[in-house]
Structures are given as structure tokens and as C-alpha cells.
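Each of the next two complexes has subunit A plus one more chain, namely subunit B in the first and subunit C in the second.
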Partner chain A sequence: MTAITAQPTRTGNGSTGRRPRKGAHYPGWFIMPAAVVYAILFLVPTFASLYFSLTRWTLFSSEFIGLDNFYQFFREPFLSQALINTVIFAAVTSGLKVILGLLLGVLLTSRIAWRGMLRSIVFFPVLVSTVGVGITFTALMHPTHGAINEALALVGIKGPGWLTNRYLALYSVALVDVWRGVGLATVIYMAGIVSIPTDYYEASRIDGATRLQQFFHITLPLVRPAMYTVIILSFIGGLRLFDLIWAMTRGGPGFSSDVMASVVYKQYQAGYYGLSTAGNVVLFILIALLAVPLSWFLNRRVTTR
Partner chain B sequence: MNRIRKYALSALAVLFALVVFVVPFIFIILMAMKDKQQASLINFSWPTHFQFFANLIEVVQARDYMLLTAYVNSTILTVGSVSLLVIFSAMVGFVLQRRVAWWTPWVDFFILAGLMIPPAVVPTIWLLQSIHLFKTLHGMVLIEVAYNLSFAVILYRNFIATIPRELDEAAIIDGARPLSLFFRVILPLLRPVTVTIIVVQSVAVFNDFVNPLYYLPGKENATVQLTLYNFQSQFVTQYNLLFMNILLITVPPLIIFLFFNRQIVAGMSAGAIKG
Partner chain C sequence: MHYPRRRTIIGAFAFALAGSVIAMPAMAQDKVTLSLLTDANAETVAAFDALTAAYTAAHPNVTFDRSTRPGGAEGDNLIKTRLATGDMADLFQYNSGSLFQALNPSQNLADLSDIPAQSGILDSFKSVVTSPDGKVRGVPFGPAMGGGIYYNRTIYKDLGLSVPKTWDEFMANNAKIKAAGKVAVAGTFGDTWTSQLFVLADYYNVQAADPNFAADYTANKAKYATTPAALAGFQHLEDVFKGGYMNDDFGAAKFDDGMRMVANGEAAQYPMLTFGLGSVKQNEPDKVNDIGFFAQPGPDASSNGLTVWMPAGLYVSAQSPHMQAAKDFASFVGSPEGCKIMIDAIGATGPYLIKGCSLPADVPPSVADMLPYFQDNGKTAPALEFLSPIKGPNLEQITVEVGSGFVSAEAGAKLYDEDVRKQAMQLGIKGW
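Coming up: the complex of A and B.
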């Protein structure tokens, strides 16, 4: 496509002959190195997964069994539980990140003392090893010796078994995920809040608006693009999360905190490759069904080209 | 009156941030200094037998200096994949931003797909085995490149939109061929966003746990995140060593954070908003 285009010395600036001219200076093969790596290591496995999810598979031979793997996902309680848990986990974590991130974002862009230090403190957990965070909080959430329950005991509250109670484990992990990820939500909000023209705040102050009114009538509507970004990023991240859950509960107690990504790993370890791949496809479909309509909001904002 | 209120609010915010965000890190450091018996209580307490350096040495020496091997592996993985990522994605971002071709919508679609679709694990292993890249460090490098391309391309494309086309045209009139136009004129101008991508992706690759777990098994291939398994077993966990290990693998991101705080924050928020 690029080799046959006209010589680049003909530098007309009109719209005539636009494509060959551009092809010469911005050759299409520039995308090839990236495209090859992406196609082989990402696209091929993704398409292959559509087939292998329909098979009983040992890596050396595969037997076509139709939709059996998928039936199993909805029949076996521990597999369908993982499906529900994944959605709950994504909804809880992204909901909390959206709200707490906004509050922190407003706080850290206001004229507060030690602002720079606070920003750093809130953001740093984003950069720390997720597994390290998971191990640390597993210790802090220990039912009897953990610092959290010891602190609660000081004020006379008997803390629950954060990770040993099967109704609570998933939510405890979700809280830790919020702790780890809220810093990213906060900086996204901060970028959004800073870009709001200060004239609006000045004008509203002259008109006698209170801080609370300013928040609801200026900040909240104008920070909406940042909010959509936070929602989508944290929702997809929540649907895909594996390392934190694996480090903290391994899906336990029982299967109560299993999510799709941990099921995929467990079935892979157990040698059920077809079932594991079906789990991947289910997760893919879940993201497509939930996250794509969500992200439609954001993508109405077209990038400049 | 107003100033007092302002400082009270600030003090409250700082106190809250310290308790919620700093106490876990203090806990890591305290645990790393304890002896085995006290650490096994895993409570929040001051170490009675201070043995920070003994723990440090024991962690480094554990399982034939596995941590050092892991550090070498992680460094190769990080440097290799981030270098390729920068070159590849800058080229894509450049061409994608400068011209519209029949494949432009496809590339846009695949960028979005790369951000959203979870990688299909077992088929990837099957593929890596068939091209003899499974359990190899260079295979892992290419995996990290493939998985992180979308994010880097978006950042580059958005940044290149701010570089005036007149610059390209001037270079073209001076007779620059596409390769020299890109490498001599454009790439140097991309320095700010390149620094951002290098920093953000280095931290991401260095902290990656899931992909090495799947595609790079085996003791001699371990990356730093997988060394955390060393001191955890079904029966007994040596908590002082485990937390020393956490501390040691947190140091590189901490150093990068101290130097590149601004680039990291700018990169993560800019890429996210404009994407």
C-alpha cells in the first residue's frame, strides 16, 4: 500500500491527491510491529478461546462438547456464585471509588494545608504491589490479633472475622481494593476539578452561593467526564480483578469470595482447560454486556485527529 | 475564626489520611523488624527483638538467592517490554493521529478491545507453547507489550495531536524520509509523554503478578512479585521474612514515585480522561 504511492517531493497543500501524499509520509507499515505482537499474542488467543471454550481440552487434544462448559457455569452453584460475586465486587468497588474519590478530589484541590503531602499519601498505594497489599491487610484483618479488630476492641466493639466470615469476605476484599485504588480515582477527579474555570466559582460567590451549593451546581455537573472515566475504569478493573482476591482469600472461605478471574485460575490449575477458557469467555461477555454500554457515555467525546 | 476552622479541617484530614493510608505501611516496616515468634502473632506492636538486618539477609539468601534472580528477571522484563512498548506505540500513535486510512476504524476498535477484553489465559499458553515462547523471558516481554499497547497508544495519539503538522511539512520539504521524520523530528518532541509512559508502565510491569504467574512459571524464572510465595506455605508462614520481602519489593516503586510523582499522576489521569 505504501510502496506504490507517489514521490513525496510533490508537496501540494490542497485536498487533491491527499491520500497518496499522506501514505508516503505517514506510512501504514509503522503500525506493523505493534500490530503483529498484538495480533499474535492477544487476538489469536482471544479468537481461539471462542472455540476452545466449547471443548474438553488437554492442550494436546480437544474434544468438541458444545455448550456444556457454559451450562456447567450456570448449573454448578460455586461457579454461578462466582459470576454473581464478580458483579457485586465490581459494583461495590467502583461505587465507593466514585464517591470517595470525588470527596477526596474536592478536599485535595481546596485550599487545605499540607495538600501536596496528602495527595502523595493518598496516591502511593496505587503503586504498591497488589499482592503485598493483600498480604498486609490479611494480617491487619486477622479476627483476633489483627490491628483493625484490636483497635475496635479498644472502643468496646467486637470486630467480625473480616475474611473468615463467608458473608463478609468478599466485601472486606472490596474495601481493600478501594483503599488501593481510590488514589487513582482521586487524581482523575483532581484533573477534572482543576480544569473547571474559576470564574464560575467567583460569579456564584458574588451571587451569594454557599460552598455546598457551589459543589452541587458547579463542581458536580462539570466534573462529569472525569466521573464517567472513574466509573468505567474501576468497573472494568473490578470485573477483571484477580491478584488481590487471590492474595487475601483464594476465593474462600469455601467459594464465598470466588470471582470469575479466580475461577479461571483454579480450573486451569485443576487441568480443566476447556472450563477455564469458558470462564474467560463468560467474563468477556460480562464486560461486553455491562461495561460497553457504560463506556458509550464517555466515547461520545471524540478524540481530536 | 476562619483560619482556625481551616486548620482544624486540615488537621483532621491529615490525621485521617495518616491512620488509613500510612498505618498499613508502618505495619509492614514493624513486621519486617520482628523476630519469628513475635511476628507470628501478627499484631500491631513494637518489635521486642530488633532484627531488621538479620531478616534482610535471610530474605535475600532464601532459596539460593531467589530474590536476586527475581530482581534480575524483573529488571530485564521491565526494561525490555517498556522499551519495545515506547517505540511500537509511538509509531502507531503517530501514524494514527496524522492520517485517516481504511484501517483507522479497525485500529481504534482494537485499541478499545485491548483495554477491555480480559486476555484468554489458557489459549495464550497453548499459543506460546506452539511458538516455543512459554516459560521464556522474551515471551513474557512480548506478552507485556501486547497487553499494554492500548494504553500507551492512546497517550501518544493524544499528545501528538498537540504537535503542529507544519513541523512535519517543514521536515518533509527539507527532504526527510518517513523514518527520519519520525525518529529525528517527532520522537524527540514526545519526551514528556514518553517519560510518563516509561514511568507508569515500568511500575505496572514490575508490579504485575497475574501474567508471570500464568506464562512464566518455574523457580528460575520467578519475578519479584512471585517471591512472595517463598515464605508462605500451607502449614507455616514466616511473617517477619514475608513482610521484609514486601518491603524490599516496594522500594523500587517508592523510589520512582519520589522522583517522578508529577509524571505518574499526570500520565494516569490524562490517559484516563482523554481515552
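Coming up: the complex of A and C.
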């Protein structure tokens, strides 16, 4: 999965790599330490898991059973719902982070009072442990004793069961994920916005552009590289999110907020090691199928700009 | 001035001498710290603290390092992983029956067949901690439990209800309780495992209707979805949901909430295992006498009986470096003496399966309600998980789905049959 997050830079290097090596400043073996670590901690487990997904294994023995695990995995009764949930979750969280992050990024780079403090407040949730966030929000979203529904009750609204309504649970978790992750998106946007030369804004102001025009015709086009980074990071993060969902609903109620990662975890928990390894391979392929084209498409737009 | 001082010195010398003599045999034995992993129920913790304190008092060279684990599937995972990686505590407490069988006991657990306590342990317990190779690998920890329904005695009295002997009577009671503006059944699906009770505690009724169910189920011949008596458990979940008999927050409430509700009269009934009394003792000690207990009613009043859960076991890891000390402590826990210490610490919540360990005369009403089932022959049946090694790991999610009205009873039973199939294949059972 990490390999895919690194995809944009890899594609970027692809074009420079074809140049003659005389441009290189350092000898190639400088990458050896990093390459060894990468191979041991990433490449070896990846290929080992490809093999183990074809076996029924315990930690001490394994029995080769071909594609049975994959056959079994796709027979999981709630798999299709988990697949849909995974994509919905990634799309919703990524979409909201892209939009809210941009608005917050613009706000926090403009000249406003308390800017430093507001920046800290927006970034703060990123620093808190995910499980802690999950447990806190589970308490806040309790259908009868939760602070959210008690506040709603004060104004006469009977709040829904945020995490116990099967149609709502996934979106409640998605909102918490946005709250937790939007700070990071904002920081990336802020870096992008700050790097836009101020000349453009000065020139446009002399030409009589309004703030809104400046936003749509200068900020938005020029912040695009940052936006693509946010899209890719948050989309992949959403596809493989596990900890927050597990802390808040455990895929429940029933199976209604199950995503790929929680299905795989429950199989592992039940002792179906081979099956869950196969599930991980499927998850890997799913992320690759969605993220690689997305990354390729977005990168092309950046380089052709 | 001199005299007393000299006497003090001599006295101190004599004391030191005596001390070293007394200390000699103890020093001959190495100091041992046994690690111990238990579930996190307040009752379990209190019982183990009493047992370890008593054992250390008798064997000063042995001390304990106790830690707790989560319950449910999370706990299963932790136990399996720690055993598989050779990282298990010296002793650990865990379910007997099918969950014990899923630990690969022949390989992972020490053979406890020949420890002294085994001579006093009832065969009914030994059979559920015996590995496939015929070796007994555990001692009982705690009393046998019944699966059934706790009820609030005050509400029953106020509404003039009587203990139901059939499911129809139970539903009629529910209707009256609801009409009186009260919550009839506490639902606590926030702890998903609690949602399984209507299905699991119905097993007495299943075997009454179909005595071969356990064998046929293990041999892939009987299914929940196609055996009417087995399907009834799922049907019960659906009935209670459709009747609107549960509390508003049934999806989020937890086990402790359920016991609190039935003890305080916030709910009239709560389907639970009888260890639930421990939670009331800890959290609502003055309400212990307000709750009663009855077996889950079935289709027929003449065959009304209780589904019984064997006690959890205490096991010794096969890789324990302190094998001798660990086995000796296990034997202590399984002895009548250990049993008495446990009753003193946490009270009596059910019959112990150790000869010479009887319950005190003054037990709380919910325990008194339960004991008659054990006194008559044929009024109890072990839960399915003690008769078959197969228990599907996703039952608790499936019962939440059915109990919350997401899927029908039939669809839930079919899902569970599929879940069972996977587990049977993983265990490599013949016929699947």
C-alpha cells in the first residue's frame, strides 16, 4: 500500500530516469541502506503474503490449497456491501477533505485575527491518537446519553442513532474521519497557497479583480498540485482505513459499516489466516486498481499544465 | 543502661538466627513469578486476587503477575495469537468447549491429567477440556452457568406476572409490560456478544425437539436454517424486535447497562448468562435480591429446562518455563479449598463442578431460581458449544442483524450456516 502512495513521485522520476546518468550527483549504492530496509520490511512480506494467500496456514505450518481462499473470500455474504462501503467511505472522506481543506487553507493563509491559534486548532486533531478519537466520538454519539443528541434534545430535535442506525453509521464515522484528517489536508493546501507568487494577486488587483475572481482564476488553478496530493492521500487513506471504524463501530451494527479492512481483520481474528491474507491481497489489488489510474490521470494534468 | 542494651543485642542476634533457620527451607526453593492472564470481568479479577493471595500466603516463594484481556472475538484473537507466537502467560483463564478446542490444545496447552485436583473434578467438566488426544488440559474456574432470562421481581409482582414456561407466555408478558409503559427486554447490542443469548440459550429446546441435532450439525447434516427447532432461536430475536420491546438505545447499550436496567427496574427482563449476577453485585449491590431468573422458554411447558454453560477453564501454557509451579497453582484452583476461597470472594452464582464444594445456604434469589433445574434429571442440557467443536465466529454480528431487524430470522440462520461451514473447513472436520 505504501508503494502506491509513493506512486506520484515514482511516475515523476520515470521521465528523469531516462536521462543519461551523468546528471546524477551521488553514486547509486547510496540507496543501499534504504533499499535493504525497504526490501526486508516491505518487498519480502508483500511477496510472502502473495504466496501465503494460496495456503491454509497457522504460524507454524501451511498447506497449499491453490485459489480456494480467493474463492471463499468472494463467497463472503457481506463482501459486496463491504466493497461498496469501502468506495463510498473513501469518496466521501476524500471529497470533504478536498473541499473543506481548501476553504480552510485559504482562510488560514489570509490576514485574519488569531491566525496562529486557528491553525493550531485545525491541525490539532491530526495529532490525537485515532483510537482515542474513535472512543471519544463513540461516547459523544451515544443515541441517548451522548452529548450530541443531548444538545439536539435541548432544541427539541430527537437525534438519530449516529452509530446504531445502519444507514447512518458509515457516514458518522466518515464525518469523524474528516474532522480528524482535514488538518493535514489544510496544511498541504496552505503550503500550496503560500508558494503562489504574490505578483499574480497584485497584478490582478490593479486590473480590478475581486477576491472571488482571484480565488477562482489564480488560487484554484495554481493550487492544483497541492489539491492532487490531497486527493490521492485522502482517497487511499479512505480505502484502507481501519482503526477508526474498528474503534467506533467494529463494522456494525451487524455488518452495515463493514469495509474491506474490517472484513479482513475479522477473518484474521477468527483464525482464518490464509483467508485473511487472500483478503489483503484483494484489498491491495483494489487500491491499486483505483489509485494508480487516479494518480496517473492527476499527474498527467500537473505535468501538462 | 547497659543491661537492657545488651539484652536487645542478644535478642536481635537470636531473632536473626531464628529468622535464618526459618528462612532456610524457603530459600531452597527458587522465587517464582507466575504470569496469569484472565478476562476483565470484575468478578473474575476479584476471584483470582483472592486465590493468588491465598496461594502466596501458603507458598511465599510464588508471586503472581496478573493481567486482563478483552472478551468476545477480540479476546479469542489475543489468546490464539499469544499461544501461536509462544508469548502466552504461564496460566490463563478461557472458555471450555468449542473455543477451547479451537486453541489447538494438544500442542499449545500443558497436560493436567495427573494433577491432584483432577480426582475431585466432575467428569462433565473434564469432558469439555479434554483435547482430541484424550488428555485433560484444564481445571474449572468458577461455577457452571445457565443461559436464560433475568427478570425484575418488583415489576413482575406489580404487574401480576408469573414466570413464563413457554415462549408464547413470555411474549404475552412482554406485551403487558410494554402496555404498562416499561421496557420489556433490555437489548445491549453495544456489546455484540450479548445479542447471541436468544439463539444459544435456546439449545435446551432444540435438543428436546431434536436429540440428534448436535451430532448431525457437526457432521454437516443438520442446518440452522432448515431445522425448525434451531431456527426458533433466530425467530425469537425477530419477535422481540418486531414487538418493539427493547430500550431505545439497544444498539449502543452494553452488558453492564443491561444488568443495571434489569436490577433497577429500567427494564423488566434481560436475556443473559447467570454470571451477570456478578455485575449487579459489583455495581448495584443493594439490588441483588431484586432480580430473579428463569430458563429460556420453549414451545412446550412440559419440556421446560435450562441450557447450561460449563465453567471457564484455567489452563497452563505448554511453553511455560515454570511448569511445576504453574501446575501446582492450577491444582489449587481446582481443589475444594480453592473453590471455597472463590465463593468467599465473589459469592455463589451457580453450582461448582468440584466434589466437596457446596454452596452456602443463603444464596440470592436468582441463584435459588436456577438450582432446581440442576436437581432434577433431564432439566438441563449443555449448550451446543460443549457438544460440537464448531461455533461460527460471526454469530454475534448475525444476531445483531436479526435482533435489530436488518434481516429476517431465516436469512440470519442461513448466514450463520455459511459461517459454520467456514469454521468447520478451517478446523478440518470430516464431512465438510
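Methods note: the second predicted complex is superposed on the first by the 262 of 305 C-alpha atoms of A that agree within 3 Å, B and C clash if a C-alpha of one lies under 4 Å from a C-alpha of the other, contacts with A are read in each partner's own complex, and residues count from 1 in each chain.
Definition applied: contacts are C-beta pairs under 8 Å (C-beta built on N, C-alpha and C of every residue); 3 or more make two chains touch, one makes a residue touch a chain.
Just so it is clear, the structure is predicted and the values come from calculations on it, not from any experiment.
By the touch criterion defined above, A:Gly251 lies against subunit C but remains apart from subunit B after alignment on the C-alpha atoms of chain A. When the two complexes are overlaid on their common chain A, residue A:Gly161 makes contact with subunit C while staying clear of subunit B. Contact with both subunit B and subunit C is seen for A:His142 once the two complexes are overlaid on the shared chain. By the document's definition of touching, of the two partners only subunit C reaches A:Arg56; subunit B does not.
Once the two complexes are overlaid on the shared chain, A:Tyr268 sits against subunit B and subunit C alike.
Once the two complexes are overlaid on the shared chain, A:His25 sits against subunit B while remaining clear of subunit C. When the two complexes are superposed, the chain touching more residues of subunit A, out of subunit B and subunit C, is B.
The intersection of subunit A residues touching subunit B with those touching subunit C, taken from the two complexes, comprises 59, 142, 145, 268. Within the complex, the subunit C residues that touch subunit A are 73-74, 76-77, 80, 84-85, 102, 104, 189, 192, 248-252, 393-394, 397-398, 400-401, 404, 406-407, 415, 418, 422-423, 425-426. The part of subunit A that touches subunit B in the complex is made up of residues 8, 11, 19, 22-28, 30-31, 33-35, 37-38, 40-46, 48-49, 52, 57, 59, 107, 111-114, 117-133, 135-137, 139-140, 142, 145-147, 150, 179, 184, 187-188, 190-192, 225-226, 229, 233, 236, 239-240, 242-243, 247, 261, 264-265, 268, 273, 276-277, 280-281, 283-284, 287-288, 291-292, 295, 299, 303-305. Residues 56, 58-60, 72, 75, 77, 142-145, 161, 163-166, 250-256, 266, 268-272, 275 of subunit A touch subunit C in their complex.
The touching residues of subunit B, when paired with subunit A in their complex, are 6-7, 9-11, 13-14, 17-18, 20-24, 27-28, 31, 41-44, 84, 87-89, 91-92, 94-101, 103, 107, 110, 112, 114-129, 131, 142-143, 145-147, 149, 153, 157-158, 161, 168-169, 172-173, 177-178, 181-182, 203, 207, 209-210, 213-214, 224-225, 228, 232, 239, 242-243, 246, 249-250, 253-254, 256-257, 261, 264-265, 268-270, 272-275.
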